[in-house]
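So that you can tell them apart, the chains are marked A, B, C, D, E and F in the order they are listed, and the count of residues begins at 1 in each.
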């Protein structure tokens, strides 16, 4: 069993707020993250696939292929986008790192052609990140 | 002459577009950076002050003081903000890295208590950055 | 189950030595790390909390809150301090990375308001780090 | 149980190709990685040892000692070398990151003097890395 | 006057040696860098253009355009290549960082569509880099 | 003219204080940096040499040689040391980054065997650094 990871980046904006609550309640819960006009980040996404090495190729999965899977299913939908309004798979979700990450898992989990999705990590800033393993 | 640099970060959203032009023309010039609902970045700002070392303190400028000057004049106005709508000193400017950086220079140039402002650098992503020296 | 991590830094000095042993024996075991007048590091601490996402907020734990817990219980006691003499919770411990990290775990384990402490990591240099999961 | 990690780097060249296949088939599978004259990387290797802290020293393992074990058994054999031709323990292997990493595990697994080898990680580029735990 | 920088990476192999000298003399001068079968690096290239900001666009130069200029003139010719044998503009040069960098300058200096080439930097490892300004 | 840079690291402790002043006055000027028992950092030193490329070698200066010059004249005297008490060339200096850097310049300026010393940079933390060019 080996673990292969690909790192990708995307730049997006969001506003953290719960539309069921007032602006005042949102500010009390989310502080400056609920700024009505939004803010943004350079997100770093790490996708880890687990499986066995193919003896013929020496690869678990060709990283060029894994890159394409991540880009077409995730990065192209998130990069240079507003996460509150522009992304079909984030519709009706509060775009916290936790919710974005779990939604990315759903996008990727059935699309990995070799091995299986093991873990994904999302860095919102250099100091804050989240990890999810589908459990 | 010595050069002292402080690094600060802020997270903001923007849309690159010229309001005098149509959405189509903006897209032709700016591509995905002109997405109508915006996108965002973790910006890194480096502020360099030049001057001589004070023999009594061994400092050109106390970095805690430089940090406070940068935070109160720049970071608090940009962090978790929308650069198109929320920042007084960016009003009526296209918020490219170049324009943001020159506007930051104007905010800081007369506020450095020891030495003088020598250079400022702004990283928009890990691959793209701009520098300005007030010349 | 999701894993949320906050990264914090602190700058501290220490001398690695066992007070039950002579300076010669300490030098034989610890080499230059036992320099009698000490040396120091910029330590990086990563604190990972595990738990479930709250549907109302979209957070496992608000990272501003986790930051405050780490700063008040750990960083304020270690930053700009001498780890041999200035820190109550390191009293009578040889301040190796291993011992510092386990002592930090004890400081934090009952103070996490949402989810539970899962893992902590301490980087002493860019080449050396330790991890502990309370097991 | 604590986990201690040492990071080392080495610079090496390789050509990814299967000598049983033609150049055309290799190019179809490996693309530019099968360039006949090779290419290269600055590899980063992280070696993690797991075990208990020795009460007398405060160490699981002295990192100077772990560094020496990694350098003499692995780094000296790989640094500034061609991974297809110059390394005894890679003979007859396709030098993908997966195969290099598993071969490094075999070199190290019986040479750790305190604790036991838990995990090794190999970064081929800033975007691509693999991990192996001997399972 | 503003300075705009784009960072690109490429992975290549090389052998540092002077073909006019014997292997022994090469080893005496270049040490392990003259290993006959070569070694390699992940090179980081930073290209800085200087000029004035266009009032209509807010750009000195669109970084997507600068990226294309660097990739088509430099990166595509160096990435996943052997610098001793595969690169027309390095023919008959000893592929030290200094010589590679000056050759890259010659490739780029007349191809910058806005502003002019000001400085280029090449990182061979995280500890070694060179800069050239065409002077 | 080309610029060649070598990066080195060292770990040291210090206390920022002026022995002519009382502890209270030191605390008023230097805050937590004047903690009587000291604190410490992982310092990063970048040394840049300027000169012309030797046609025979393709080097301005062999980086292995520059590394040795920096290590023997600077790093061995600072690494794992207390900068207030253990370093001959810092005697009677307040060990601020500015003063440490200028003292390092004096150590190196006549020891560079090819080219001449152009600039040195010292990172005290990831957010604070100083540069000096001997002017």
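Odds and ends about this structure:
Keep this in mind: contacts are C-beta pairs under 8 Å (C-beta built on N, C-alpha and C of every residue); 3 or more make two chains touch, one makes a residue touch a chain.
None of these values were measured; they are calculated from a predicted model.
Common neighbours of chain A and chain E, listed by label, are B, D. Taking the CA centroid of chain F as reference, the farthest chain centroid is that of A. To find the repeat of B-F among C-D, D-E or C-F, check which pair has over half of the same contact pairs by residue number; it is C-D.
Rounded to a whole number, the gap between the C-alpha centres of chain D and chain F is 34 angstrom. Chain centres here are Cα means. That of chain B falls 29 Å from that of chain E.
Mean C-alpha positions place chain A and chain F at a centre distance of 41 Å. Annotation for chain D: residues touching 2 or more other chains are 126.
Inter-chain contacts, as defined above, occur between A-B, A-C, A-D, B-E, B-F, C-D, C-F, D-E, E-F. Residues 1-8, 48, 53, 56-60, 62-64 of chain C touch chain A in their complex. By the touch criterion stated above, chain C contacts chain D in their complex at residues 16, 18, 29, 31, 93-99, 101-102, 126-133, 135. Across the interface of their complex, chain C is touched by residues 9, 11-14, 32-33, 35, 37-42, 79-82, 84-86, 125-126 of chain F.
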